[in-house]
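Supplied in structure tokens, the structure appears directly below.
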């Protein structure tokens, strides 16, 4: 049974169709990167996986069951911004998951149990290179450090799926390289299934085992929102290095131009 | 109402009621309350109207008020009220003050600052009457009793009706003249301590204790005890000399015998009749009152008004009780 | 079943829930009032709906004996006029001082500490002084409103001017603006909608000061009436007057909001739909 | 020469400018007071600095004959106690209701419209009702403060809870939080510093309500004293009392700010140095 | 005489040295792109040219005279954000410069003079492709359209120098291409001298005639702020295509590493 499965998945806002005819299966352990013009519905798609947006039509299954209508600990997430809690120290942010699990009433651990949670958190922070900054607050960290923290935090409860919405979009080019290395390592070590949205084609191809390009295939000039975007390319990276050019062309053109009918991928 | 053993009495700042400040702070009230095995809490309220409201709404069991306000506020609101202490009558303690005026007639057309519908309004009516004018000839500005002083310091404010201690402050201002005062209508403005009749019936000891404390204090005043007077002066926010001056305009009934005599005098019934009539004309007895006699007023000399609706009672028994105890 | 924090309910449910507390409160009040009145027909603390509507009908239609005016409308007119004049003076002063103080550092240096101290003085405490200075006419009431809200408005506008991105002032200067032009073309138009939204906030205080001033010395006005009739415990007047003031406050607030949205659409972009 | 808007002056100049208006005002007042007193030694409207300091020394050192207490301190204690209790009750209620209303949509649906309407009622208008309901004891004064500021605090905290990035709630849920845990571990700690800063704003109103209530019915308190001595135009008491209230208000405000900075450093990151 | 000239220019904040030993001459018509690690002082440098930051030491001359201590119409600027006025329509933003010049008191033009200013503005908006959006407000525009507007606005008074601080940093890759074309065309047509800061090396090399790399050449591990950055590479793009790799290496390393002493460029 595949981990994630979609059949004719659609999303509308009122009469605007954002996404339509999404069909795919994703197996456990895949690294799916999603690219597409701004506003084409990538974030909306991620939110459906997360459970914060309802489907409008079709099916979306996780582990063979319909996807839950709200976020849960099986799906970790890292956003571009606001991903960590500003009121908690680095350590506090990473210990949070364990505290929530073990202290249902106060949501805080004390004494021995706290020490144990702390050890686990310190170990994870070591993995992402933040062991020097345990007691700092997010506002004292650089953008790159904040995103490392967000990743460490998201992975504490060992979710099966990790969802990333342009996690490195706000970072400097130099720092991005380190982050790529980090995420690849964690993906492999923890056996994660990753969905990552990015604007950077380079990044999409170097990180993903599978690259999806979202675009509109049908277009009505009178009603620009009558048709939604779908997966126009579904590229297996190892086999399709040469398809990168095609994807780049789609991206460069943006969502405003019409598209040759490429309904089957 | 049933028997209780703790009571609250509200009072506000006025020469004739300052004895309560002394009696409260120097333990006189407590002493008398203990004697009857009850507890009496005296509450000072900064604003006169609010003190009466507290009584009418039942938050306190008794209050200090003038005869007119006792009639038009609690009694007219249906609270059966008994006068247990007739402390004094105003003998110049209420007055009409005008700036740049030689006669009362000059008040015509002016704005007059006063506590509307209070005893000041009554004094104003009596003053206007005396020169053939009426309320229509002036324009009243409702002003809280204590704020009249500040307002009168402003040149645009040229007429005010108020009582002491404010009265002495404003009549000393430049160009100000007290042009009519309660001296001209003696024994019409009476300063009382009143108690809820039902409470009193269930707890006559309350009346006895209050009267006892009051007349013990009166004895000190009659003896011109400087310490007692200074304490009262301080509570009123003035000094001994200032307070003595205010007292001069007050006819205190320090001897309970005299107070009891006035209560039983038919003249009191007459005064109350006059006050009821004025109040009715001013609409103070309620919008639906058919005549000045809707509310029954009982004095030892008889009853004025509706016998089926007696809401204000002058009861000299507590005063006489003190007298006999002496 | 979703977590409680994720449950939202449909539109119908939300409207029903929004009305619920008002219906419950109204029903409870009417029940208490009726019961108390049955027990004692002369009680005045909980007037029944009928009593209140009778009293209000009288106050809204019959002329007062003394003044010949219809009380409710005369009171409303007097209060709104004071409120309007007071708020207009405050807003104008605040716009000017906020603009100059926010825009010119050398003016702000002495002015900002002064206005900070002034804004800390509780205006109620100086009410006795106001009566001395302004008497008991309209001036004192308007002055209390002006003194009460202007420092707050000025500080808010000054702060808003300082929060405008420095980039805008720089850009304007690279386009050739002198100091005066930066003030009137960059700061002023952006402070104006802020002034409206801050005035909406300050209106609550303005009402307070108005009522406080009218309570102490006045010949007419909504606050005057409430404090005049309190001595008869006329809750049949006080309660509808309070409701009427609340309604007026609501209408003024919405009107300002809608005007601001209409004229300064760009200012309201970040607002949530619910504001 | 730079443009006016670009001129800032050095640190020394800025401090000098900041002191300037206070020095000018104080000098002007002293001159007027001395001149008026020379002209009429009995005038009470403009007490000289000596008169005020004498009066205040007396009020701050000599025990009142009647109560045996020193007036200034007794008044200060009474007022601060009322203010403290009132504000503490309001803040606690606001934190609870703001948290629940901001966090749980199904609670917010009925609660938010109710609190919006309640917040529009000018508390001064219901002052007479409060005295009737609560009497003239401490309760009425505290109740006025609570009724006056709680709706504002609740609305502000609710708004703040809604402004917290949705991402945080989602993140917490992906970390395994249930509704209760989202409330107490995500919303509550972030609302607490906001509560402090909003309370600082609301303290101005709290002082107002306190003074208004003390003016009408009290036996002690700073407002009581001011409204007591206005019968005699004792400006030598009123003016120093107003200054004293202003100083107290300033100290409380700064103290809250410093506490907040110390405990919730992360909350103050975006603040400008001048705040 | 060269247009801009610096000799031993330095900038300190307190004891922190941000920039030191800047020496250069720039001729009219050059297109200088500035790259460097985050926080190395690029924006600070631009602000000194703009006149909003004072020099701490050395000389900075414009047209042979010391640079004015405040912004002026001879130096246009486009920031990454907040560059246009949110309260003015597209047309209003672009007409602003002319209104300020011709209406010293009100800063607004009316009647015929307004019509003339409007015509000029519409023409310029046509050049940047915004003639469809004359009456829109900035918040109704996409990020790319806002930056076009900012450029059109900055160029209305024909400044000699145009200063750009990461003008395209927040834009989608697709849109960036268009913007590059636009800025190159305007630079040539109007004979501008451009200083542009960017994080994108590709952009720096494709747009600039001269690429400056800012970096610290001296480093004291005990006092990381004791030495400032300077221009470590000054590349003439046409002659030095091959130097791009060296610049890239500098950038990737970031400002945290020490640097071989390359004091002369």
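The letters A, B, C, D and E name the chains in turn, as written, and every chain counts its residues from 1.
Definition applied: a residue touches a chain if its C-beta (ideal position, glycine included) is under 8 Å from a C-beta of that chain, and two chains touch if they have at least 3 such contacts.
The model shown is predicted, which means the values in this text are computed figures rather than measured ones.
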Common touching chains of subunit E and subunit D: A, C
Selected interface, A-C versus B-C, where C-beta contact pairs are more numerous: B-C
Separation of mean Cα positions, subunit E and subunit C [Å, integer]: 47
CA centroid of subunit C to CA centroid of subunit D, Å: 18
Whole-Å separation of chain centres (CA-atom averages), subunit A against subunit B: 81
Residues within subunit B bordering two or more other chains: 53, 57, 147, 150, 153
Contacts with 2+ other chains: residues of subunit D: 3, 6, 45, 128, 132, 173, 178, 215, 227, 230, 233
Of all residues in subunit A, the ones touching two or more other chains: 70
Those chain pairs that satisfy the touch definition: A-C, A-D, A-E, B-C, B-D, C-D, C-E, D-E
Interface residues, subunit D side, partner subunit B - complex: 45, 64-67, 128, 131-132, 135-137, 214-219, 224, 227-234
Touching residues (chain side subunit D, partner subunit E) in the complex: 2-3, 6
Subunit C partner contacts - residues on subunit E that touch it in the complex: 50, 52, 70-73, 75-77, 79, 81-88, 96-97, 99-101, 104-108, 137-139, 153-154, 156-157, 159
Touching residues on subunit B, where the partner in the complex is subunit C: 49, 52-53, 56-57, 73, 76-78, 111, 113, 116-117, 135-136, 139-144, 147, 150-151, 153-157, 283, 286-287
Residue ranges of subunit A in contact with subunit C within the complex: 69-70
